[in-house]
Amino acid sequence: MFSVSVRTHLMIAHSFRGEVFGPAQRLHGATYLVDATFRRTELDADNIVVDIGLATSELGEVVAEFNYSNLDDAPEFAGVNTSTEFLAKVVADRLADRVHAGALGEGARGLSAIAVTLHESHIAWASYERPL
Amino acid sequence: MFSVSVRTHLMIAHSFRGEVFGPAQRLHGATYLVDATFRRTELDADNIVVDIGLATSELGEVVAEFNYSNLDDAPEFAGVNTSTEFLAKVVADRLADRVHAGALGEGARGLSAIAVTLHESHIAWASYERPL
Amino acid sequence: MFSVSVRTHLMIAHSFRGEVFGPAQRLHGATYLVDATFRRTELDADNIVVDIGLATSELGEVVAEFNYSNLDDAPEFAGVNTSTEFLAKVVADRLADRVHAGALGEGARGLSAIAVTLHESHIAWASYERPL
Amino acid sequence: MFSVSVRTHLMIAHSFRGEVFGPAQRLHGATYLVDATFRRTELDADNIVVDIGLATSELGEVVAEFNYSNLDDAPEFAGVNTSTEFLAKVVADRLADRVHAGALGEGARGLSAIAVTLHESHIAWASYERPL
Amino acid sequence: MFSVSVRTHLMIAHSFRGEVFGPAQRLHGATYLVDATFRRTELDADNIVVDIGLATSELGEVVAEFNYSNLDDAPEFAGVNTSTEFLAKVVADRLADRVHAGALGEGARGLSAIAVTLHESHIAWASYERPL
Amino acid sequence: MFSVSVRTHLMIAHSFRGEVFGPAQRLHGATYLVDATFRRTELDADNIVVDIGLATSELGEVVAEFNYSNLDDAPEFAGVNTSTEFLAKVVADRLADRVHAGALGEGARGLSAIAVTLHESHIAWASYERPL
């Protein structure tokens, strides 16, 4: 099994609802290092997993939809705790949609899975992995 | 599949028995960066994998049992090489016990696996993963 | 010249005023890795720069005043752009006050300078250094 | 499942063929951080996954065959795009050969898989994993 | 004293002349993580050291002149060993020229120094610092 | 001002005397990442700060004197707290002796300073810098 990963980052504000979140129930923020991993069993005709330029630009576009914003104001997240693990799934699902739409190139149709890891600090991170 | 990971560290002395260990047969020591990863297939009602505050404090308690000690003096490790990979299993098993005992909260009963990675330096690390 | 450094982190929301900030004029947030460095020319009687336990706990208290908050709501920062470089100075100055007040121990009176670095992402950070 | 990982690095020149590579079609170069991970289900009689000294030296020998060279001149890579993901497979396969030949010790015959990750920068890396 | 730093990277091929370089006399390559630090004693009217957007884009342009190339073919480096420390000076000097030309904004005229660090691997890096 | 830095690591056991050290008064241990930085104002005839091969091997020899040992048993450290900051000075002074003895090459006689940083964990490090 092969994989290729690319990293970008995201800076947002948000708050959480629920006692489990303690002080993080208050409006605060985070820088997330966002790692997207693309998996497949065989390399394509160019001997690669995915066009790393497209992978980087598509990940950048997915992240740009949220970057420098307050997630509490995003209609799509109304009533939802935008936890690190939840956001990892959002990024992974949107990347998957772009793969299916052909935005990562025809070769990317051979991808079998996407994993996304968001690092919220040097001591905490979360991941979500899904098939394609 | 979702996961959440938290990091702490541990500073211990120990020695090894067996020619394979070379100079590490002498009493020496290590700082281990200890990464605990908790996995599950669905998020809980709060939209999280695990209460990260409890995960951090429980990992801290597990590590505190060994921190600032000489593992050669620990009765539970008598006659055992406390290799990095072995210690990863010790930490993972003790975290699993705490999950089963409810110490990570009721929501944590939905966890499916724990993985622990110990970094002994910038160029060597070891992991152990087990189901819950 | 000797130094000792300790790291913690801080998660806040804020916004900036001024065209130079582009999209960061919107309410967003950041995780800052906060590194505090203490300098002196000679070690103290215990052969250390500073009690690292006190250094860590005092840095933690300084950071706790802002952690999990929206800096736009802090009266002390009204009308101020809470840039990474500015926040580095805030942390350094507050640590300096604590050194002068004896909170880092009598030995810490021999410190000559404090430097604080805040990492806002894996690709951007800012520092402030001042004498004591 | 247990694993042990060791890191070294590799500095090479190369070029790529195919429009997908854009400016990387020109002769350029890379430092790869090379992480080799060895997996097995049970520890050996010394309580380890693999002799970490042998793992490090064998990985070093595999990497030394390419280090400080222009991969475009290597007969074994004639007509092949030496992408990061492809090179991860090359390193993994050569380590597997060495395991099978006994170079990592008799205990290493209990290994079940090898994974190799090559980091080409702080924002891009690739992996290949195979059974033994 | 304040500073702000930004990171990018650079992938080049080159070779060295001189026995001191050993195997690096052969054509090989490197990924350099390139950190540019801008220093000044007082913040500007926006409460910043430098427009981090301009700092990042100007550093990117400086690096782009060399990226994905063989430095042995660059006329400006004919007969010169393009060591990591030398390249750090090249980047710093070109950034200084851009500051003086106003490319980093009028506020950047208050900068007092630039430092550039190039990391050639996880275990080796070099820096050059100069006044403005 | 130019500098070149190289990294290695060191694994030791030790204990401290003095209440300030709390639980670290017990025999424990540490992995230190050891960074040695060599400074000079002008590059040598090869366009470098120092022969990085010699710098690495000499640093390795200095560190090897302590590696895989219990510092409490070292006669040269009898009655001394082998704190991270103190050990940084020990490494720096021994490297300086080697520079003066010509072990880093004739070109290294142009070095003006040495700095050594020891990282005891991901959240604590110490440095010592001295002229040559």
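In order of appearance the chains are A, B, C, D, E and F, and numbering begins at 1 in each one.
We adopt the following convention: contacts are C-beta pairs under 8 Å (C-beta built on N, C-alpha and C of every residue); 3 or more make two chains touch, one makes a residue touch a chain.
In this text the structure is predicted, and so the values were computed from the model without any measurement.
Engineer: If I rank B-F and A-B by number of C-beta contact pairs, which comes first?
Structural biologist: B-F
Engineer: Just to confirm, which listed pair, A-C, D-E or A-B, duplicates the contacts seen in C-F for more than half of them?
Structural biologist: Matching more than half of the contact pairs of C-F: A-B.
Engineer: Between chain C and chain E, what's the gap in Å when you average each chain's C-alpha atoms?
Structural biologist: About 27 Å, centre to centre.
Engineer: Counting only Cα atoms for the centres, state how far chain D is from chain F in Å.
Structural biologist: Here the centre of chain F sits 31 Å away from the centre of chain D.
Engineer: Enumerate the residues of chain D that touch no fewer than two other chains.
Structural biologist: In chain D, the residues touching two or more other chains are 7, 122-123.
Engineer: Which of the residues in chain F end up touching chain E in this complex?
Structural biologist: My answer: residues 1-8, 43, 46-49, 51-53, 56, 105, 107.
Engineer: In the complex formed with chain B, which residues of chain A make contact?
Structural biologist: 18, 20-22, 80-86, 88-89, 122-130
Engineer: In their complex, what parts of chain E are in touch with chain D?
Structural biologist: Touch list, chain E to chain D: 7, 9, 11-14, 23-24, 26-33, 67-70, 120-123.
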